[in-house]
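Paired with chain B in one complex and with chain C in the other, chain A is shared by the two complexes that follow.
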Partner chain A sequence: MEEFSLYVLDITMNSVRAGADKIDVTLDDRDGILTFTVADNGCGMTKEQLRRLTDPFFTTRKTRGVGLGVPFLKMLAEQTGGDVRVTSVTAEESPENHGTTLTATFGSDHIDFIPMGDLADTFVTLIQGNPDVDFTFTHRVRNGEVRLSCPELRQILGEGVPLSSFEVLEWIRKYLAEGYAELEK
Partner chain B sequence: MKSIEELMAIKERMQNKVSLRNSADDDIRVVVGMATCGIAAGARPVLNAFVEGVNEAGLSDRVMVTQTGCIGICQYEPVVEVYEKDKEKVTYVKMNAEKAKEVIERHLKGGTPVAEYTIGAATK
Partner chain C sequence: MKLTDIIDTLSLTVVAGDAEREAEGVYAGDFLSRAMSHICADDLWITIMNNVNVIAVASLTDAAAVLLAENVALAPDAVEAAKAKDVTVLSSDKSVYELCAALSRIDGLS
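Coming up: the complex of A and B.
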């Protein structure tokens, strides 16, 4: 994948598929170190699943026998001097407090790092496909941050207006674009 | 900052609309594969082209655009499936935003699947 925003989309989809209804996505890009965190309240992974997470020939899905999402991310992290760490608690271990947190670090000034790409597009895509998930997106850089909270949007819009409505998605796209334009100043 | 007033205005407009319809009215469902295989092959712009195009074509009342995981034919990604009531599923393969526009025009609007982009044509 040629844009970092596509990794963000791919990895966050894992949380969706783990049945999470609350997913916090954070990017912290300061002083040449990019930290990408996805914290969810999904079903979690067992010790065995965690151990084999970066093995491309291990997957829980039935439609194909390979899982490249996390191995791709790990490769990019390691070739830029960073790493990927995952902690997880399964619903069996803790019915009240389960989920997975993935933290990946990258050298964002490293020659092998890739363009950030269109993060707004990634966030809009996630909301379009999963309008009922409580996503929070935070992108921190040296001089400020861009933040979007789906629970807050839902509070303003009320129950009757899904976040996947075209007009809402367009509003979100413009809101994020304005946020990023503000950081460029 | 993008104003909260604008969001409130959307709410006002939408609430009137929403009450008139429910999801059972969707007679066409467009499903875009968004697993690693799809995303790496370019599914995100394809999904966006459908979301925007369906709205522009005024089809939002009867076409729903959704996402799914790996469909199992990774070598043909981006894959888009079109489900229509009482009709056979149509599977489009190796899609891009341009092809999506054509599918909206000729299939979703015009009612005739774009045969050359289907999996049947690709495997010949």
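Coming up: the complex of A and C.
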């Protein structure tokens, strides 16, 4: 995981696996501090699961007893002067309003921070693999933001057009590329 | 190559675990996600990283042992994890380069 976009993909997929159908991914990178937030309406985590979240020997996976997604994220955060915080409400605790919010901060100017990587490609990959999830991606920097809302796209396109169709994905790719090109100016 | 022989030859300290295993090869590197995909089973892994994730990667890859260079001390929770997961951890005051150079003179490691 030598690029930050891979962490975004990895952590966001946790929300998908938690059964979320609404996932807000936000990157706020201003004044040398990057705040990465993933808020979902998935099944949530119990107190015990939350407590062991940054323990690499804790995982919900059955095939092997090691889960390094959040531990690696925490390590990168702490290496660059930031941290990771997670709050969660389980479906048992609140059937109407459950989910998990992960907030990680990083020193984006820190010498040990890694390149951002291709975030546009990460967003497209997530939509392509999970076309029924309502993702909202927001990447805010000093001079503007790139934002993509799947619910808004769906509203414009109508019911019958899956977001994973070739034409839609190509449009999203171009839209994000233009957005990022605008921020480069 | 027996770990005990490597420990004697390079004057290493045993931090955790036993040294009963044999090492077949060596991997050196600190980027954990990369190490995870490059360490082979039975490798001796040389690193300067000292947190609990190192133990998880060593356990996952079935490394023969972790060798901490430059007198790096293992974090307390990592010592506990190493004991619980039967991961052997060794330590040396030498640099990664010096350790690799010394290991290259030992037959039976690839």
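Heads up, the rule we're going with is that the second predicted complex is superposed on the first by the 185 of 185 C-alpha atoms of A that agree within 3 Å, B and C clash if a C-alpha of one lies under 4 Å from a C-alpha of the other, contacts with A are read in each partner's own complex, and residues count from 1 in each chain.
Please note the rule applied: a residue touches a chain if its C-beta (ideal position, glycine included) is under 8 Å from a C-beta of that chain, and two chains touch if they have at least 3 such contacts.
Values in this document were obtained by computation on a predicted structure and should not be read as measured data.
*Asks:* For the overlay on chain A, clash or fit between chain B and chain C?
*Replies:* fit
*Asks:* In the overlay, answer first, second, both or neither for which of chain B and chain C A:Leu68 touches.
*Replies:* both
*Asks:* Using the superposed model, give me the angle at chain A's CA centre between the CA centres of chain B and chain C, as a multiple of 10 °.
*Replies:* Rounded to the nearest ten degrees, it is 80.
*Asks:* Contact-wise, after the overlay, does A:Thr122 reach chain B, chain C, both or neither (first, second, both, neither)?
*Replies:* A:Thr122: touches chain B, not chain C.
*Asks:* Go through the superposed model and pick first if A:Met1 touches only chain B, second if only chain C, both, or neither.
*Replies:* In the superposition, A:Met1 touches chain B and chain C alike.
*Asks:* Once both structures are aligned on chain A, how many angstrom separate the closest C-alpha atoms of chain B and chain C?
*Replies:* After superposing on chain A, chain B and chain C come no closer than 6 Å at C-alpha.
*Asks:* Would you mind listing the overlap between the chain B footprint and the chain C footprint on chain A?
*Replies:* Residues 1, 64, 68, 72, which sit in both footprints.
*Asks:* With touch defined as at the start, can you tell me which chain A residues reach chain B in the complex?
*Replies:* Residues 1, 6, 9-10, 13, 17, 61, 63-64, 67-69, 72, 121-122, 124-125, 128-130, 153, 156-158, 160-161, 165-169, 171, 174-175, 178-179, 182.
*Asks:* Taking the touch rule as given, give the residues of chain C at its contact with chain A in the complex, in rising order.
*Replies:* That would be residues 31-34, 36, 51-53, 55-57, 59-60, 81, 84-85 of chain C.
*Asks:* Show me the residue ranges of chain A that touch chain C in the complex, using the header's touch definition.
*Replies:* For this pair, the touching residues of chain A are 1-2, 55-57, 64, 66, 68, 71-72, 75.
*Asks:* Hey, which residues of chain B end up touching chain A in the complex?
*Replies:* So the residues of chain B in touch with chain A come to 1-2, 4, 6-8, 10-11, 13-15, 18-19, 34-37, 39-40, 44, 47-48, 51-52, 55, 60, 65-67, 69-72, 74.
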